[in-house]
Structure formats: structure tokens, C-alpha cells
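You will see two complexes here that share subunit A, one where it goes with subunit B and one where it goes with subunit C.
Coming up: the complex of A and B.
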């Protein structure tokens, strides 16, 4: 990984969720990129990364599916960086990179499937997969962001929620835990850094990397509701107005089970759930509609109006 | 020999005496027989190899029972019976009947990977939980879990079009598990979703129900994947000593 690498123009892999429930994340990510002069070129004719579901059916198939995306970005489009805002996609591309570097059996399956599908086999090391957090942190940075802020998030108390897939398991993220400047797998802080630069007050949220139960959000809803309720109540305890998210599965899980906890358990919680890219967009002076605030289930429009941000 | 942990009081271990007097003291009532000596004869020595043959279970033999997995486990925090360390122990010891007592909750692993993060032996306990769920289903000890239905619905869509459409996955999942699509909290969710949503976006989302998102020229990839899945299913069944006819 080179910090100097130019991230002004990167391949963009939205993934299935960002075309559906995570539409607001896609919208705000593209809008923020445009505003900051960062060029996102969508990976042509991409496919699903395999997600957790295909991994559960067969991990090597997930490796292949992710490798096809990286193969298109590197071989067909000539990019050396793929930016994936979805934690699941980001995690899976990273995992595929690791598996194809370290496991000959995985390599054999990917070679075989790529050949039969008729596209070049992905060569590990050809692209670096980064998250939207890495992208903004490295391409713009806190100082660069501060200069562009027109509507400070001053007075907003934010709990940053990173979820599971962004940091675990550690071995697929070799660039993390590398000392100052790098991301921590135990106490991630890139979102804290960026939103603090945008003027927000970051609360000390102890459940940054706790699990929202996204894997069983429908198949074991009661467990997911318990896990999410814990996250929401902790945010309320911390006096946070907002839980900032960076994953469409976490985001919709939090929104969905906030309602489910209300309907099924009579437990009402107050934290608003907002994508971190939406918050940065507002701080850059963008319209609430442009960053898709109205697409969120968790209703924060009046809150942002009161704060003079919408 | 490691400490054999189990819930000491199990319903089947309780004996009841309506009237029992020992040395002049009335000891009638319910007594747990946990101190009764026992001899285990029904070891199934194949379980460890079978679980290790399924994807995710490869490194189960590395476990030295430190308990980091259970200690860090998300699900254990909401259900103390969810105990990956104990199940890994039972699999390695071949204590099948003991393992089967928990067969209906093993699939509930949420794959948060806290166990894999904290495991000092790179056992990949998350993978072991998935392998173990597959093993239980393939052996016929449990029906397909809701999670497996979801994974299959999702994977089938990816295999056939290269992508998924979430609404379709949700409907397919409810259909496979025989649940009604109209549930009070889902209705509430949709109400809140459409409150501020622009009509244009709603139409686009509605349209996705009819025009499925798909990866172009996916046919060859689909054929290659389906061929691989069949081979892989047959290999898994063979490793478990089952006949070749799978139902995937």
C-alpha cells in the first residue's frame, strides 16, 4: 500500500445492496465524490461479490465471484484500486485477495471457473481494494476536508458504528494495525477522524465493532432485534443524536430492527441512523435530497432542519 | 483429559422421589443425578474427519480448548447455551449424542468473526460452525435451517443472473420458509420508508421486481458455477459416507 497513490480516479464497485436498500449510500457516495473532485468509474458489468450467503454455500465460489470483479477492474479497465463502500463487498474482495495469494486450492477453483466463464483469471496483487472510508481519508484527508466544509456539523453528537466486516478477521486486512496513520481493527477511527473534521462531536461509543446480527436479519430476527436494540440503547446512553454507518447491511438492519424493537418489544430508541457519506455531504453544503436523507427509513429530516443542515 | 463441561442439570438427569427418607431425614423431591458415574460407549470417531472435510471445518484439529471463541461470541452473550468451544470439543471427542442436544441452535452463528479474530490457533471457529450446521443437515439430524433457506435463495439468484435483487430474495425466503409476507413490523417499515421517498425512486424500485438486475453474458459463468456446485455437493456427501443423490 502506498499512501502517495493517486486516488483521484478509482474503480467503483457499488454492489447489489447499493442498487436496492442502500440506494442512499450509493447516491451520497457519488455526490460527495463529485463535490470533492474525485472520479468514480463504475466497474463494468459487475456481478455480486458472493456475500455471506454464497460463502456459506461454498467459500471458494465466493472467492471466484469476487475475483471476477477485480479481474474486470484490473484487466479490462486498467485500474489498480477498487473502492467498495459496502462492508460486505469490501470484506469479500479483501478475502478473495488473501485466499488467492495464500491458498492453492482456491486458486485452482478460480482459474477453472474463470477459464470456463471466458474471462482472464484475476492475478492477486493487481488491484488494491479500499473502503469508502479509506478513499476519503487518503484522497482528501482531515485537513483537506476541513477546508471544504461550509456547514459545520457542530453540535451534532455522533456514535460511529463500523460493524464486523470492516475489521474482522484481521488477516485479510494486512494494511491495518500498522501504527500511526493506519486503521485499527480493535478501535477503528477513520469515520471518527472524518466526521470530527466535519465539525461533529464524536461520542465515545463502546460498540463500534459489535455485531448487528445482519447475517440472520430475517432468518433469526429475534436475535438480530436483541443485538440491534443493544446498539441503539448504548447510543442513547452515550447521548448520541446519530449513529453514523458505513455499511448498507448494518444500516438497514439498524433501521429495520429499531422498528421491530418498537413494534414487538415496545422499546423505543431515539438515535437517527445516517450514512457517514450523507453527513459529509451535508457538511459540504449539499442539499439533503442530493445525499438521499429522504430515502432513509430512520427519519432525520426535521432533526437536520432544526440544526440548519437541511 | 480436558475438563468435560456440560450443563450439569438436564431434565433427563433429574430423578423424583415422592417419599424418600435416608437416615431419618426426609429427602423427598427432585434430585439431579449429575454425580452418577457413567460410561460413554457411543463415541462416533468419524465426526471430526467429516466436519473437517466440509468447507470451513478444515482446521478444527488445531483447537486447544482455550475458550477465546465462546468468550468473544456475540450469540453466546444472548444465549449462554451457544458454546462453540464446547461443540468443537464434542466433535473432536466424537460425543455425538451430547452434540445433538444443541443441534437446533448451532446454525444461529451470526458470522461476526469475533471468534476467528481472537482464536490463537487459527481454528476459524466461524467456519467450523458453518461446517457443523451443514453436517447436521446433510446427516439428517436437523431440517434445513432458516439461514440455509436464505443462503440458497440468495445463491440461486446469484448463480442464475450474477446479481441479486433484495425484494426478490426476501419474497423467495418467506416463500421457502412458509412465512406470510405481511408482518406487522414489515408493514410499519414500508410505511416509514415511503413517507418521504420520491415517486420516481419508488417506481424504479418497483420496476426492479419485473426487470431483474443481471450481469450481461453471464451464461458461461452460470454453467461453470453450476457444474462446480454439483461436483462439490457430491464430494461433500461422499466425505460423509452418504449416497451421491443430494437435493440442492
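Coming up: the complex of A and C.
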């Protein structure tokens, strides 16, 4: 990880989810970036990263799809950093980087498909893929954020939920687990650091990287509901007001299965599901609508009004 | 193989144990039963070895061999061990009932996850994160890319 790199202007790869169910994440990420003076330049003519469906059928095609995004960012747009807020996109771009560095078969397929598609083959190492958490942590940092907070999150108890793809598998994230200042794959803490800097009380949440059953939500909804219910009940048990998320799939799963757990299993839970970028936006004094609180399924607007944040 | 219903009931009972340390140990043992089920379902013999002092962690490692997506429960197992240690180190802590309950929720998550994984054959890949990355020779026929 190049700590000194200037991340004030980076290529932005929103991915498909942020144009759909995760639109509030896109909205709040862009709004927070603008407020903090960080320039997000959307990758031109981007495509799907190959998340889940393509990867499970043809992993090499997924590698190619992700490599095309990085190729455009580096070769056409001249960027050395791509920021992907979605865990699935972030994971897949990192995986493609690893595949193209270590697997000649993947390289051959990517070269062939790139040539056929008429664009330069991505050269491994040309860009660094970072998550929205890395972006804010490295570009602004806790101290920089503290200086800009106008509406402290003081009084909010937050359980941070990172999901499974932000840290796994470890070997595609070589910059993690590098000691102080780097992210941990065992106990991720970047979201904790940022929201604590915004004034929130971070609760000790033991299921922060546990599976939410996101990939099974259509084929086996009951398992997903049970997994999510356990995550929600654990958050309630920790006295958390909010579960902060940084992945659109996890976020949607938590929201939808919270409702399903109540209607199907009669289990009501209380934690609000909110993107971490929405929370940072509120702490920066931004309007609830600007950060897309109204777009969340989990209704938190009255809660934030009570707290003087909306 | 221990029925998951038995394990679920055992986890619930451990929370009510008047001796928190005994309850915490029981939760780790139920965690081992869960992972034994996974290992046995793969026609392997569950290891008796320990890793970092815990058989639970050795079983998790064994279960992930050849199926890296099983690492999605690695930290869940470590959290269970952490809570067990926390309870043993501070048995008089006022937070003890809450800690034991939290440990039980971690154990329950492990149980739900492994149950879901064991339905994989019928329902398709459970975890989306990592399996193909490690498959040098995917079982499915790879289409002709050219």
C-alpha cells in the first residue's frame, strides 16, 4: 500500500448494485466525496465485474471483466487508483489483479478476450483497487474527519458490519495485515475508526465479518433470514442503535430479512441499517435526503430526527 | 454425526449454565460438534489436533482444506474462542451473562452457516467469495473463450 499516494482524485467504479438497490450508497459516497473535496471520476463505459453469477460459472471470464474496468481506468483515463465501494466489485477487481499476476492461463484468456474486444490488455500493477473505507481513511483520515464534523454522532451506538468479502481470501489483499495503520483481515477496523472519529460509540460486535447468507437469498431464503436474524439479534444484544454497512449486498440482505424475520418468524429487531457513508454525511452536516436516508428500506429518518441529525 | 437440533438445543442450554466458564467451554465443544459434522460429511475423520490451543480452530482449518469458502466461518470460530477466553479470564465480571449470551450467538451463527453449507449440493454454491479462485481445475466445463 502506498501510504503517500494522493487519493484526492481517483477513478470511481460504482458497479451495478450501486445503480440499483444500493443507490443510496452511491448517492452518499458521491456526496461525502464532494463535501470533503475528493474528486471521484467515474470509469467510462464500465461493465459488470462478474460478481457471483459469472464467477461461479466461468472464473476466467470474471477475471477478464474485472480487468477491463482496470484497463480503462489505467490505459484510457490515466488513473493509478480505482475506488470500488461495493464489496463484490472490490473483491473481484482484487481477485483479477491476483489472477493476472499469478496464473498464466488467466492471462492468456484475458489477452485473447481483450484483443477481441479491441482494448489494451490490463497490465497487473497498473492500478491499485481500494474500497471506500480505504479511500476515506487514507485520503482524509480520522483527524481530518474530526476537523470537519459539524454534527457529531455522539450518543449513537453503532455495530459495524463488514461482511465476508472485504477481507477474504486474505492473499488477494496483500496490503492488509501489515501492522499499525493497515487494515486487519481478522478484525477489520477502518469503519470503526472513521465512525468513532465522527463521534459515534462503537460497540464490540462479534459477528462483524460473519456470513449474511447473501448469495443464498433467492435459492434458500429461510437460511438467509436465520443468518441475518442472528446478526440483528446480536446487534440488539450489544445495545446497538445502528448496524453500519459498507456493502450493498449485505445492506439489502439485512434490510429485507429484517422485515422477513418479523413477518415470517415473528421476530422483531430494532437496529437500523445504514451505510457508513450516510452516517459520515450526516456527521458532516449534510441533509438526510442528500445522503439518501429516504432510499433505505430500514426506516431510520425519525430516529435521526430525534438525535438531531436530520 | 450430531443432529443440528441437538446442537442448537445444547447451545441454548449452555447460556443458562450457572457456571459461566463451564457454559463457555460447552459452547466451544458444541462448535466442535458442528465442524465435525462438516468434516464427516466430506468423508474425512475429524482431527483430534489443536491449533493455537483449540481443537475448534484445527477443525475449522481441516474443513477449509480444498474448500476455501469455508473460511467464511474462520473468524466466527476465532470469536467463539475469544469469548471463551474472555469468560475464563474474568469470571467475576458483571458483564458475564451478556458475554455468555454473545458467545452463544456466535456459536449459533456457526451452526446456521454450516447447516447452510451442507445444503450446498442440492442448492448450489453457498458462498460467493472465494471458491473458484482456488480451483485449479474447475469441475464445470469451462466454455471456449475464443
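Everything that follows uses one rule, which is that the second predicted complex is superposed on the first by the 310 of 310 C-alpha atoms of A that agree within 3 Å, B and C clash if a C-alpha of one lies under 4 Å from a C-alpha of the other, contacts with A are read in each partner's own complex, and residues count from 1 in each chain.
Convention: contacts are C-beta pairs under 8 Å (C-beta built on N, C-alpha and C of every residue); 3 or more make two chains touch, one makes a residue touch a chain.
As the structure is a prediction and not an experimental result, all values here were calculated from the model.
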item: Partners on subunit A (subunit B, subunit C) - clash or fit; value: clash
item: First, second, both or neither for A:23, with subunit B first and subunit C second; value: first
item: First (subunit B), second (subunit C), both or neither touched by A:33; value: neither
item: Of subunit B and subunit C, the chain that contacts the larger number of subunit A residues; value: B
item: Subunit B versus subunit C as contact partner of A:206, first or second or both or neither; value: second
item: Partner chain(s) touched by A:237 [first = subunit B, second = subunit C, both, neither]; value: second
item: Partner chain in contact with A:95 - subunit B first, subunit C second, else both or neither; value: second
item: First (subunit B), second (subunit C), both or neither touched by A:253; value: neither
item: Touching partner for A:168 - first (subunit B), second (subunit C), both, neither; value: both
item: Which superposed partner A:220 touches (first subunit B, second subunit C, both, neither); value: both
item: When the two complexes are fitted on chain A, the stretch of subunit B hitting subunit C, from 79-87, 169-177 or 187-195; value: 79-87
item: Residues of subunit A that lie at the interface with subunit B and also at the interface with subunit C; value: 51-52, 56-61, 64, 109, 112-113, 116, 164-165, 168-169, 210-211, 213-216, 219-220, 223, 226-227
item: Complex contact set, residues of subunit A against subunit B; value: 16-17, 19-21, 23, 45-48, 50-54, 56-61, 64-65, 68, 109, 112-113, 116-118, 164-165, 167-170, 185, 210-211, 213-216, 218-220, 223-224, 226-227, 255-256, 259-260, 262-264, 289, 294-295, 297, 299, 301
item: Touching residues (chain side subunit C, partner subunit A) in the complex; value: 68, 71-76, 78-79, 82-83, 98, 101-102, 105-106, 108-109, 112-113, 115-116, 119, 123-130, 132-135, 138, 140, 142-143, 145-146
item: Subunit A residues within the subunit C interface of the complex; value: 51-52, 55-62, 64, 88, 91, 95, 98-99, 109, 112-113, 116, 164-165, 168-169, 172, 186-187, 206-207, 209-211, 213-216, 219-220, 223, 226-227, 230-231, 233-234, 237-238
item: Residues on subunit B engaged by subunit A in the complex (per definition of touch); value: 55-56, 74-75, 78-79, 108-114, 116-117, 127, 130, 145-152, 154-155, 158, 162-167, 170, 173, 177, 184-185, 188-189, 192-193, 195-198, 201, 205, 208, 213, 215-218, 220-221, 223-225, 227-229, 232
